[in-house]
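Structures incoming, each one as structure tokens.
Okay, so chain A shows up in both of these, paired with chain B first and chain C after.
Moving on, here comes the complex of A and B:
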């Protein structure tokens, strides 16, 4: 029986705790008697027979939806969209959930005599996936059957010929979606719900729409009023996405299939990364010492290559299919079962150790903007109720934060970092002054459509993602980061965690209370 | 009288070159510049004045000379020994406070009739800078007979003098000469097809944010009609602050200029970092191989590149100049400005100095006997948070200096 997550009060006997630091990790000692560590629940047992569970979900849908076989008929246009490479993290071992689910859907489609089937990677404004990445997510059989004939596509949010304008929501939000989707008799959306932010109408209203639509929910106002991003009923971003998704649903029949994973994120030889430190055995200690010593001898590039080759042993814990909202409600309940940890009260300081990978640097570099997005955007928002820190509290982040960008994946990030952040770090000012130019730049548009670049506006979204935390927290201190890069973002650099905790006292007073959010594995703090 | 003098000494120039390779400005200690006790210069003839400098700036061309890095191009157009210093605010022997326009043209040299250039007001193009009744020298500060600003006295012709308004402090007036150079650069007439096609949206790039660069930014922002934006390249934080204050619409670090220009002017970046387009108007206010390479890289096809900073012998790939038909235009000193209705660069510079409080650009002053420190400071001005370094002669004893007629 997996143990639930819990909060450890740190005392003098508490051993040092493991803290991620990009492509590496450290053991850090926290101040006794005023610190606590939030540990994730242990991985839930996976579904015994995921393929059977998928089959049943398709045949016994939730909400107001017929079973999938009843929605399939010969001569129809069927589009199957699926989450892109930003999920799950780290990428999971084969077979990926998407492969299992899509194979099941295709079997039913074949049985119904459906010939016109197109697969679309729901990139939204993310970069295109490489063939290897697509093959990993979908499996060889699907890739080889669909890719050569052009029936495996990637959403293009910038190709006017490939988009259809549906209309406006009652809030004036434009709905412009992939033309193939708009002209389909049925859209089957296949999702992996790694965190509570994902799934539901957000899948389609982000992954399959154009900038004209996405901008309505990806903006400073919605992000500042999403409290949190992981708590849909209290998230303005989701409210907008829901309105857009509902309007889409009036034009296109959507059959949503959502899956959840357990938080078994690292292979057995790295099991110490998700164990509680006082339970480390000899093998765990040896693995920690050997790996941390070995990594310290390698170049950043070599370390990056090693970490990005990790495939997580995640396993499916649930699958649900049918009408979007009914499905998503069940999905979130299943996700909470794995991820929620109850936490009593807020602290003055929260500490995050960022790992090597986030949603936007799979097989890439976690550049400074992604460090900001991961810490102030994702980790800070991993709460229900209240943030882990009090208003005006301090966020401490451990990450090397190199002044380094992947030139192919993140070209507009470089410009954003050089130009925009040297002028202002105010999200509202950035949105007002720069968004349109970044969003409509021809070169970025070209690279997004034909190369492997994130959309021109994406770095601005990274900054918006942290807008709530920027407004809420008193300061952000980055431990062990490139000092110039850290300062460029308006944060304070510190050499060690001890220095950072001392610097935090400038903002929150002497002997502050500290919460260390021991993530990954991914969890969600339910702060009372 | 006390003066800093440059001797023609190959050994000293060689030592300066070696020393400055190790540390910029080291030529001030080991090079051809030395504090000397010399006679005041003789007044060469009618129309000449004896001047007593108040402040005298240290210019990039002075540093190149002192560090032994000046181009040999100048050899025939200077005369040794000379007292450097051409950025001068001084008192005249008839009680006026003036700044010097240092170019020594036909009128100062007593050459009649004047050459075509001088007769048209283009003294900077004078064909007689080695002729007339004074020794060769393209400017005051490089001529054996006139002396220079790094001393207690020098001589200057009436045609070289510009009265300083009473309200303008010495600390701002000493910046007028370099500012006039910047005004002249900023108002360089260029008529490339790209400049004309850009209409009112011309983007100008200014590379370098030392004195010349900052003043060029100020002049462009206020005087050049039809500029949509001014992108400044500044290395140091204080330079970036001043660049913005003087009118740059965006300020970037040197390694960021190519992407910054692409952002502002559109176009793409090719795989090797080359831009598909660029800025129609670019000013290189540094004059190094790196700055010129950057300038060429960001100049639009058919655009113009104004070389304002004094270069030396450089190794630069000129392929883009050829392939993109870029106009490379030199900008030297000053004169009546066609793009400003014929107003003289000095007159405009005087106005800029007052409006923008150029005294804020004067970062430190030294006495003559601390010349090595002054040169070292000037050579590392940017890194040390400074802009202009000058000698302050106001506290020096001048009672014994008398005008002598030749």
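Moving on, here comes the complex of A and C:
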């Protein structure tokens, strides 16, 4: 029986706790008698027979939807869209959930005699996936059957010939979707729900639409009013995505398939990364010492290559299919079963240790903007109810924050960091002055469409992602980061965690209460 | 040799050694016969007592005299107490126990049982045997005294053994004192035996927590008047804490000044200033390591420089 998450009050007998620091980790001691550590629940038992569970889900759909076989008929246009490489994290071992689900859908389509089938990676404004990444996500059978004939595609949010304008929602939001999707008799969307933000109408209204639509929910106003991003009923971003998704649903029949994973994020030789420190055995301590010492001898590139080769032993804990909203409600309940940890009250300071990978740097570099997005955008928003810190509290982040960018994946990030952040860090100002220029720049557009680059506007979205935290928190301190890079973002650099905690006292007073969010594995704090 | 021996026995820090177990988290059942389950009765049999007495006289006391040069005050304050007592001391170093043992008069020295943290001193067979022998230690839990440990302690008091207990529950992490656990007062109230407060000064500077070597220098041990358990436990605990703070004041100033401050209720707290960690460590003055490096007179602050 996996143990639920829990909150450890730090006393003098508490051993140092593991804290991620980019492509590495450290053991850090927290101040006794005023700190607490939030530990994630242990991984839930996976589905005993995931393939059978998928088959049952397709035959017994939720909500107002017929079973999938009844929706398939010869001569129809079937489009299967799936989440891109930003999910799950770290990438999971084969077979990926997407492979299992899409193979089951294709089996039914083949049985129904459907010829016109196209698979679309729902990238939204993310970078295109490489063949190797597609092969990993979909498996060899699907890749080899669909890729050579051009029936395995990647969404292109910029090509006017590939988009269809559907109309406006009652809030005036434009809905412009992939032409193939708009012209399909059925869209089957295959999702992996790693965090509560994913899934539901957000899948289609972000992954398969153009900048013209995405900008309605990815902006400073919605993000400042998403309390939190992981709590859909209180997220302005999701409200907008839901309106757009519902309008799409009036034009295209959508059959949503969502899966959840357990939080078994690291292979057995790195099991110490998700164990509670006082339970570390000889093997865990030896692995920690050997890996941390070994990593310290390597170059950053070598370390990155090692970490990005990690494939998580995630396993499927649930699968649900049918009408989008009914499916998503059940998915979130299953996700909460794995991820929610009850936390009593807020603290003055919260500490995050950022790992090597986030949604936007799979097989890439976590540049300073992604550090900001991961900490202030994602980790900060991992709450239901109230944030882990009080208003005006301090966020401490542990990450090397190198002044380094992947020139292929993140070209517009470089210009944003050099040019925009040196002028202002105010999200509203950035949105007003720079968004249009970055979003419509021909060179970025060209790289997004033909190379493996994130869309020109993506670095601005990274900044917006942290807009709520920027407004809410009193200060952000980055431990062990490149000082120039940290200062460029308007944050304060610190050499050690102890220094950072001392610096935090300038903002929140002496002997502040501290919460260390021991993540990953991913969890969601339900703050009372 | 003593230093080397103790250094070798010192538990390796996590992650080289085993991690501490947080007090809040219930432990899985103790494995086998170590930890709190370790039986120490053998260490109080007559031949072992004889061997320990010889070891204390021939090894511990000369070494303590050479390393810590303890000055002792206040033995007269409790010499009239009949029967066993519970010595309660501040705790900043592993040197505390040998220093206290070596300055106690014979009557108590060879009839003393030390209550030692089960998770530290009794986690391996070798350590359990050594500390049972050398310190006549019995294992207790760090944060709360279990029924088993308290029954054992009471039984030993009834048999006429004196106890040595560190109510802070562990060595000071930064050189300043820590809040007391209620165990000592609780034991005193249950057994009806008095607490003898005592303050050890200087050991924390010679061998602080986490240090890899021991410095030589001077220490001072000051005993106070017995605190009798004639009040509820909380009051006894508070009186003990105050008594130790007053002894500390007496050691660092003089008896009369300390008494006046005690009467005025302005005895300085052993917990140190409520300030940022660097100021707490600053207020302690330079460590022996700094002093050795700078060759300034012992205990004197090097900054700010004298005008």
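What we mean here is this: the second predicted complex is superposed on the first by the 528 of 528 C-alpha atoms of A that agree within 3 Å, B and C clash if a C-alpha of one lies under 4 Å from a C-alpha of the other, contacts with A are read in each partner's own complex, and residues count from 1 in each chain.
The rule is short, and it goes like this: contacts are C-beta pairs under 8 Å (C-beta built on N, C-alpha and C of every residue); 3 or more make two chains touch, one makes a residue touch a chain.
Values in this document were obtained by computation on a predicted structure and should not be read as measured data.
Because the two structures share chain A, they can be overlaid on it, and in that overlay chain B and chain C fit beside each other without clashing.
Contact with neither chain B nor chain C is seen for A:503 once the two complexes are overlaid on the shared chain. Looking at the shared chain after the overlay, A:428 reaches neither chain B nor chain C.
When both complexes are overlaid on chain A, the residue A:16 reaches chain C alone and has no touch with chain B. In the superposition on chain A, contact of A:511 is made with chain C only, not with chain B. In the superposition on chain A, A:443 makes contact with chain B only, while chain C stays out of contact range.
Once the two complexes are overlaid on the shared chain, A:288 sits against chain C while remaining clear of chain B. Ranking chain B and chain C by residues of chain A touched puts C first. Seen from the CA centre of chain A, the centres of chain B and chain C span an angle of about 90°, rounded to a multiple of 10. By the touch criterion defined above, A:415 reaches chain B but does not reach chain C.
For the overlaid pair of complexes, the smallest distance between C-alpha atoms of chain B and those of chain C rounds to 31 Å. Residues common to the contacts of chain A with chain B and with chain C across the two structures: none. Remark: chain A residues 8-16, 27, 32, 276-278, 280, 285, 288-289, 498, 502, 505, 510-511 touch chain C in the complex.
Listing the residues of chain A that touch chain B in their complex gives 411, 414-415, 418-419, 422-423, 437, 441-443, 446.
Within the complex formed with chain A, the residues of chain B that make contact are 240, 250-253, 256, 259-260, 262-263, 266-269. If you check the complex, the residues on chain C that touch chain A are 14-16, 19-25, 119, 142-143, 169-170, 173, 178, 274-278.
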